[in-house]
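These are the structures in question, set out in turn.
In the two complexes below, subunit A is the common chain; its partner is subunit B in one and subunit C in the other.
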Partner chain A sequence: MIITLKYFGLLVDITQKKEEVFRLDESKVSVSFLKSKMETAYEELKNTNYSIAINQSMSSLDYTIKDQDVVAFLPPFAGG
Partner chain B sequence: MSDKPKKSSFIQGQITSEFIGNSIAKHQSKTAIGAHNIFLGQVRADVIDGKTVAAIEYTAYEEMAEQSLYEIRESAFAKYDLTCLHIYHSLGLVKTGEICLFVFVSAPRRKVVYEALEFLVEAIKEKAPVFGKEIFEDESYTWKKNT
Partner chain C sequence: MINKTRYSRQIALDEIGESGQLKLQNASVLVIGAGGLGCPVLQNLAAAGVGTIGIVDGDVVEETNLHRQLLYTLKDCGNSKAETAKKAILELNPEINVNVFPEFFSTQNAFEIVFDYQIIVDCTDTLAVRYLINDVAVVKKIPVVYASIYKFEGQLSVFNYKNGPSYRCLFPEQESLETVPNCVESGVLGVLPNTLGILQATEVLKIILEIGEVLSGKLLIYDALHFQTQIIDFTKNPKAIEKGFINGSLLLNSKKTKEDLSPEAFLEKCNQSGMVVIDVRELNEMPEFKRENVIQIPLSELEEYSKKLDKNQEIVVFCQTGQRSMAAMRYLQKSGFVGVFHLGRGIESLKNQIQ
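Now for the complex of A and B:
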């Protein structure tokens, strides 16, 4: 399946990109699986506080990601 | 009257006193209103590890933030007897001393505007995916954390 990953704030510094398309051999993966995959690809993520939104809604770790989902990696919010 | 969901809450750069003044003036025709309350967030020159913040550069996950702000507006209308409310947040560079957040609530009577404004500002800080890069005078930076 193909998913789009988006990065914001500090996470852009870590990944050096705002967005990327990710191809996974699995047809269904959990958010926590993707998280550990990402933390292998970008080691600095391990020491970073961030949350994940799927298709613009905050997501829990056991959520199952589907083909074409947009997964956003969000550092702590700092509006205002 | 509620704001439409498609309306943008983001303004490029600082929110000027002219913009704020015009927003107030636009309410003169809404004569059911008896009380307004306004929150203005201003960029503070924090000193972090001996370096002074000169500006904040704001970014947002805009589509998601618009949706969060829409939901925050709707819950405020459900909770309080408001005539109207407006939320504006800056994107891009805002220097210290400039305004980056403008929240404006109006109601027939005063009591609810105090509560509604606090509810709104706290919800915006907690739920809107907005990020701030605090840029120091020497052009180095750190990522803003809300406290």
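Now for the complex of A and C:
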């Protein structure tokens, strides 16, 4: 399956991109599976606080991601 | 009585009218943080005629603030932000009441400060303070209009609105993670907090006026550099709300201490489990005060050391006479630590007890 990943805030600094397309052999995966895959690809993510939204809706770790989904990685911003 | 001339252009709106203007006049809004976000919020709420505005900020104006914090001028540098902001918005609109709290929002003053405000506007710049605001607001059932920024991006949402989701529902707190950088560390484009602050003020006005659709259960993300906006939906997480409620309730019922500790209060704090006590004197200074939870970090090394500490952690600092520990306490508060105390007159005031 093919999914689009979007990064915000500090995560853009970590991944060095705002967006990327990700190909996975699986036809569906859980959010927690993707999270651990991402944290292998970008080690610094492990030490970062972020929430994950699927298709513009905040999701829990057991949610199932399907082909063509858009996954947003959202860290809290602190500045004011 | 409302001033029909000053507010005529907004009274002319069917959605507002004289009754709406009266709602604004009777409203009370607490703005926590009078920096990049706080300045435009204060300016716009004052101009719109919000009757009572509270300003919380323990910081002073610095030259580095001036490119984005437009209530301040060069001659204000070194003066209290809360006091200066009050003066500036009263010049803009002398018909409102402004209360100032020239102190940092902390576990010790939080409930006293929010006491009878109807809406809180979160304009702070550290996560620990944002969680503290959340927990207090959940207990007091006060809506929070939130914004935060990072470099060229901003986030906006409204929490606790009509029993809606809270900050913890969106960003559950995670232990022992690296801290999230603020404007000092990562830089900020001056216009960005102004854009977000104006959006915060807009949400505040909508809540008071009961018009339109409030940004509750939705997170707006604005990317100024690419002009992109996104809205992410999120729902209530009962566990996250409960965590905030429990934290807030514990805090509400805990004993509050002044930040300047008496010798007795200092010893009591030192005996509390989990308390971190920092001796900010140089290593050879006498008398010694050694305990299991006392660490020796000279003032000059505190900045580096404090990066390792959890900002929710309660901390007591002390020195010889109270001067250096006062500076240490102010530094930690400014960096976003929410529960910091110091031994008011230094370890010398304790000589008899510890020998």
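As a working rule, the second predicted complex is superposed on the first by the 76 of 80 C-alpha atoms of A that agree within 3 Å, B and C clash if a C-alpha of one lies under 4 Å from a C-alpha of the other, contacts with A are read in each partner's own complex, and residues count from 1 in each chain.
The criterion applied here is as follows: contacts are C-beta pairs under 8 Å (C-beta built on N, C-alpha and C of every residue); 3 or more make two chains touch, one makes a residue touch a chain.
All figures in this text were calculated on a predicted structure; none of them were measured in a lab.
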- Message: After the superposition on A, what does A:Gly9 contact: first (subunit B), second (subunit C), both or neither?
- Response: both
- Task: Would you check which partner chain A:Gln56 touches, where first means subunit B only, second means subunit C only, and both and neither mean what they say?
- Result: both
- Query: In the superposed arrangement, does A:Leu74 touch subunit B (first), subunit C (second), both or neither?
  - Reply: both
- Query: Which partner reaches more residues of subunit A, subunit B or subunit C?
  - Reply: C
- Set intersection of subunit A contacts, subunit C complex versus subunit B complex: 8-10, 53, 56-57, 72, 74-80
- Could you please specify the touching residues of subunit B with respect to subunit A in the complex? 41, 58-61, 63-64, 67, 89, 100-101, 121, 124-133, 143-146
- Query: Which subunit A residues qualify as touching subunit C in the complex?
  - Reply: 8-10, 18, 47-49, 51, 53, 56-58, 72, 74-80
- Item | For the subunit C and subunit A complex, residues of the former touching the latter | 33, 35-38, 122-127, 130, 147-151, 153-155, 170-172, 174, 177-183, 186, 188, 193, 219, 221, 226, 230-235, 336
- Touch list for subunit A against partner subunit B, complex: 6, 8-10, 53, 56-57, 72, 74-80
